[in-house]
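Okay, got some structures for you below.
Two complexes follow with chain A in common, the first pairing it with chain B and the second with chain C.
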Partner chain A sequence: MSKYVFEGKSWKVGDFIPTDQIIKSRRVYQSIDKAAKYVFEDINPRFGQEVQKGDILVAGKHFGQSSGRAVAVKALIATGVSCIVAESFSRTFYRNAFEIGLPILEVSGVHDAVEEGDRISVDVLGGVFCNERTGEKLEGKPIDPFLIEMIEAGGVIAMAPKLVGRTT
Partner chain B sequence: MTLIEAILARASGRETVKPGDVVVANVDRMIMHDLSGYVTSKVFDEKVGLPIANPDRIVMVFDHLFSPPSETEAEVLQADRAWARKHGINLLDCGNGNIHNAVVHNGFIGPGMVVVGSDSHTPVHGAMGAFAVALGNDSHAGTVLPYSKAWFKVPETIRIDLHGTLQPGTTPRDVALWLVSQIGEGGAIYKAIELGGPLVEEMSLFDRWLLTLITVDLGAKCGYVDPDEKVFKFAREHNAMQAWDEMEVSPVSERKYEKRLEFDVSDLAPQVACSPTVGNVKTVDKVAGTTIQYAELGGHAGGRIEDLRVAAEVFKGKRVHPEVCLNIVPSSRVAFAQALEEGIVAQLHEAGAMWFPPSTGSNQAVNMGAMAAGDAMISTHSRNFPSRNGSIDAAMYLASSHTVSASAIAGCITDIREVL
Partner chain C sequence: MTLRPRTFVEKAIERASGKTGLVPGDIVDVTPDVYMSHTASWRCIRTFEKLEGAKILHPERVAMVMDHIAPARTSVIAAYHRLCRGFAKEQGIENFFDVNAGICHLVLMENGLVRPGEIIIGTDSHSTIYGALGALGTGVGFSEITAAWVTGVIWMRVPPSIKINLTGKLRPGVFVKDIMLKIIGDLTADGATYCAIEFDGELTADLSISERMTLCNLAMEMGAKNAYVRPDKKTFDYLSEAGVDFPEEDALFPDEGAEYMRIVDVEVSDLEPQVSCPPLVDNVKSISDIAGTPIDQVFIGSCANGKYDDLVIAAGYLKGKKVADGVRLLITPGSREVMKKVADNGVLSTLIEAGALITNPGCGACAGDGGAMDDGEVTLSTANRNFSGRMGSYKSDIYLASPATAAVSAIAGVITNPEGESK
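The block that comes next holds the complex of A and B.
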């Protein structure tokens, strides 16, 4: 199972980060690539400037709370982040991530297990997190098979014609 | 089955559903505001491009913008209007109130409905006995607009019973804020929260509204109160009973809950949620005396006629503090009309308050309500995250309309019980 396995440099944000702080609503008028430069502009202005393709974001509790704007997920994808691991996600962020195609994993204890900049690896479908620097391994919360099917199908829009006819 | 399990079973054509089931349900209503509607329309046009299946079920409300402050925002509204007309969806243009109050007062929400919206506070409509959930733009564009359907995972339910009699000066809004401190921000992620018990049964529909509103900040998928005669009366008066037919809802004693919580709130003091999050809730005495430059009655948890009446009562013979701006933002045209009729508009105007058009007011400072570093606002809004209202170094305190009114008079956060 090599799909949705990632290794990269980590960035860290704290608990209860609202979507407003992922990307401000006024940035929504811009193209998503322009908006990407302003991700976390208030809490970590370096992020939008220095994040590299393949980096992994580590967050605390209830990441992506507040407004359910899908553009928060789209802007994060546009920064090049390959996946996000968090203690927990807000349900709108969680749903949006799978609907749009950003692999994410809930891992209890992950926030304390990482110092920003550590190389970490995440097997999203296998539910395994590993800090390559410390060697610490943690288990993630299993992902509903339906959501795996959705992300494999390319998101909710791609899946829609098949999805709406579904009865079981 | 609980109310929302029964709604989901019917809407997905099943006999029953249970927590964990993934169902595809018919959607009765989709609501969006000017900003999310703009994004959704773009996604829909660029990635889907099908006809809208039931345009009469879709409502767009301009509430973040009541009058565009720049060309950019004017272009957003222009595009929204053109898109709404092209597809024949319902449009409530500027000045109709904040999205949730506007749709309910215009008869778009009724008991038994499946309601989806991009605004995260969409679950507030659980007060009407609807299954109401916030979804993202891609669900709206991909399944709701073209097929009138959406997928849902049936949530587990937490039942909260509220008991007791509130002290003078403590209101349902204080109960709602206090619940966040008890259960925790994100303390009920993915769950349905069923609210009931003697205190909830006594409350008016629009006081229950403050409770279902706050379930979002607990992390819940939805919150609701089983509809009773108060709800049915309102729904009948607004022609919104069409989804309430033969619902197979079990008595409370036969429903399955993940857990049940009981609270007696008889001793509760007024509460204030302090920056930086909605979960940072303190009793008012802990922050009393904090200087404020702005106060606002408006937003999702304020600006109802009930709030305007409270302000009129608290302001009797009093004026807004000379160093405070008090913004009053009616939540709907109905609330403003009622306030006019009752003389509240003139009274508060003469007391020094500023009236703004029915809208979502200072929510995210899109059209008003930006603050400079060091400024503080106390309001009936529902969010207080740093930089939502201008400077990251400005503070937003969330409280009841009683506490906001008393604070606007005193110039600092004030315990309403000391001035009653």
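The block that comes next holds the complex of A and C.
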């Protein structure tokens, strides 16, 4: 399975990062590409400036908590990160990621297994994480088949026509 | 075949999906009764415009409230408001509430759009508040709202439930906000992620609808999907005041013997006022550990504590007193209806005489619309979030507390225990 397998340079953020700190509310009323420059502006100002297409974000517990603003997911996609691997995600961030089309994987122990800058690989559907520098492998939490169908369709909007009439 | 005993959320999802025998973890399509979007409605509309030939299946289920940045502060926001206004008209969306209405959640409940047993999805994480009326309210993203407009359905995972039994009697000066801060501190910010919460126990039954709103609103800060309080006479009275003739047999109640992943008993009789300290909501301390901390600003408002009785409680402490020199007291009534009530009965004058700055109804400073802080400043707020940078500088601090604690602290200029303070 080669789809949704990513390899890249890692960036790290900590536990309990709220969407407000992914992208501030005052930054969201501009184009998403402009807003992307301000992702994590308070917690890591280098990120928005230096992140490269294909980089992978590693987060701690309950990533994307607080406000359910889906624009946090959009802004992260616009930074070029290919996927996010975290100890756990908040409920709204988890939903939004699949609905907008950002591959994510929950992997217990991942935060300690990575030093920022390590090359890592993530097989999202297979649920496998690997730190290429240390060789450490960890298993991710399986993703529900319905969510895989959604992300493969390109998100909830792409899938919407298929859903019409599924329930009255 | 007899059905196994079910929790509230299991029943609500079964009813809205037409399925039976669901267990936690199952994913099903449900038909929500209301799709609420706030200022982010413009994003839903932009997404809708990309769907060729799409139409809104049930315009009567759509509700839009222009609350987060209201009135417009810039021409960009003005254009978004205008887009929403025009779209609502063109699509026949009758439940469009403009910048004068107030916070989406309060507006929906005041207007009878939230009913027991119904499913309400909203582009605001605090949609858990609808559980105060026995409904299943939950926050979703804007793409999901657009998808619901077009398809009439949304996917839901059946969550496990946590039951929280509240018992005892609150001491004077201690409020429901203090109970919830204590629970959030104990259960932590991700203690209920993807779970439903049912509030139960004698004290819950004694609480007013407004107090139940504070409970259910703050449940989100533990990561909950939804929260619920069993509907009773108070609920049905509230509904009829909102113009809803609701058949009581349509309400949903959990079954005796339903399965809970966790049952938490909270006895409140010895509870003292609680304060959530920066930079995380679950960093909760008893007021005696934090009293004396100097503050620059006090904010009384938000969907957690900007309701009518919250302002009445604050006014009780502020009557005949003055806000401390150099402290800004911002008060934002939650809705136009709240504003009208406090204007009609003189509470508004009390607040103004004490030195409060009254802003227009809406989300106000809680959503970063005014009330920003400089580096090193401190706000004591009745809202539900205190993450760094939420109110201006990343290097400023937000403490969360009840309207009573907020009022007495505004007078003293330092965080102060309202117990024993005159009102």
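Criterion: the second predicted complex is superposed on the first by the 165 of 168 C-alpha atoms of A that agree within 3 Å, B and C clash if a C-alpha of one lies under 4 Å from a C-alpha of the other, contacts with A are read in each partner's own complex, and residues count from 1 in each chain.
Definition applied: contacts are C-beta pairs under 8 Å (C-beta built on N, C-alpha and C of every residue); 3 or more make two chains touch, one makes a residue touch a chain.
Values in this document were obtained by computation on a predicted structure and should not be read as measured data.
On the superposed chain A, the positions of chain B and chain C overlap enough to count as a clash.
When the two complexes are overlaid on their common chain A, residue A:H62 makes contact with chain B and with chain C alike.
In the superposition on chain A, contact is made by A:A160 with both chain B and chain C.
Of the two partner chains, neither chain B nor chain C is touched by A:G126.
Of the two partner chains placed by superposition, A:G48 touches none, neither chain B nor chain C. Judged by the touch definition given at the top, the superposed model places A:N96 against both chain B and chain C. Once chain A of one complex is fitted onto chain A of the other, the partner contacts of A:K24 extend to both chain B and chain C.
Across the superposed pair, chain B and chain C both touch chain A at residues 16, 18, 20-21, 24-26, 29, 42, 61-62, 65-71, 73, 88, 90-92, 94-96, 99-100, 144, 146, 155-157, 159-160, 163-164, 166-167.
Residues 17-18, 27, 29-31, 40, 43, 47, 50-51, 54, 57, 68, 74, 76-77, 80, 123-125, 139-144, 146-147, 150-153, 155, 157, 189-190, 193-194, 223, 225, 280, 367-368, 385, 387-390, 394 of chain C are the ones touching chain A in the complex. Considering their complex, residues 16, 18, 20-21, 24-26, 28-29, 42, 61-62, 65-71, 73, 88-92, 94-96, 99-100, 144, 146, 155-157, 159-160, 163-164, 166-167 of chain A touch chain B. Those residues of chain A lying in contact with chain C across their complex are 16, 18, 20-21, 24-26, 29-30, 42, 61-62, 65-71, 73, 88, 90-92, 94-96, 99-100, 144, 146, 150, 155-157, 159-161, 163-164, 166-168. Of all residues in chain B, only 13, 22, 24, 35-36, 38-39, 43, 47-48, 64, 72, 76, 118-120, 134-139, 141-143, 146-147, 149, 151, 153, 185-186, 189-190, 217, 219-221, 277, 279, 364, 366, 383, 385-388, 392 touch chain A in the complex they form.
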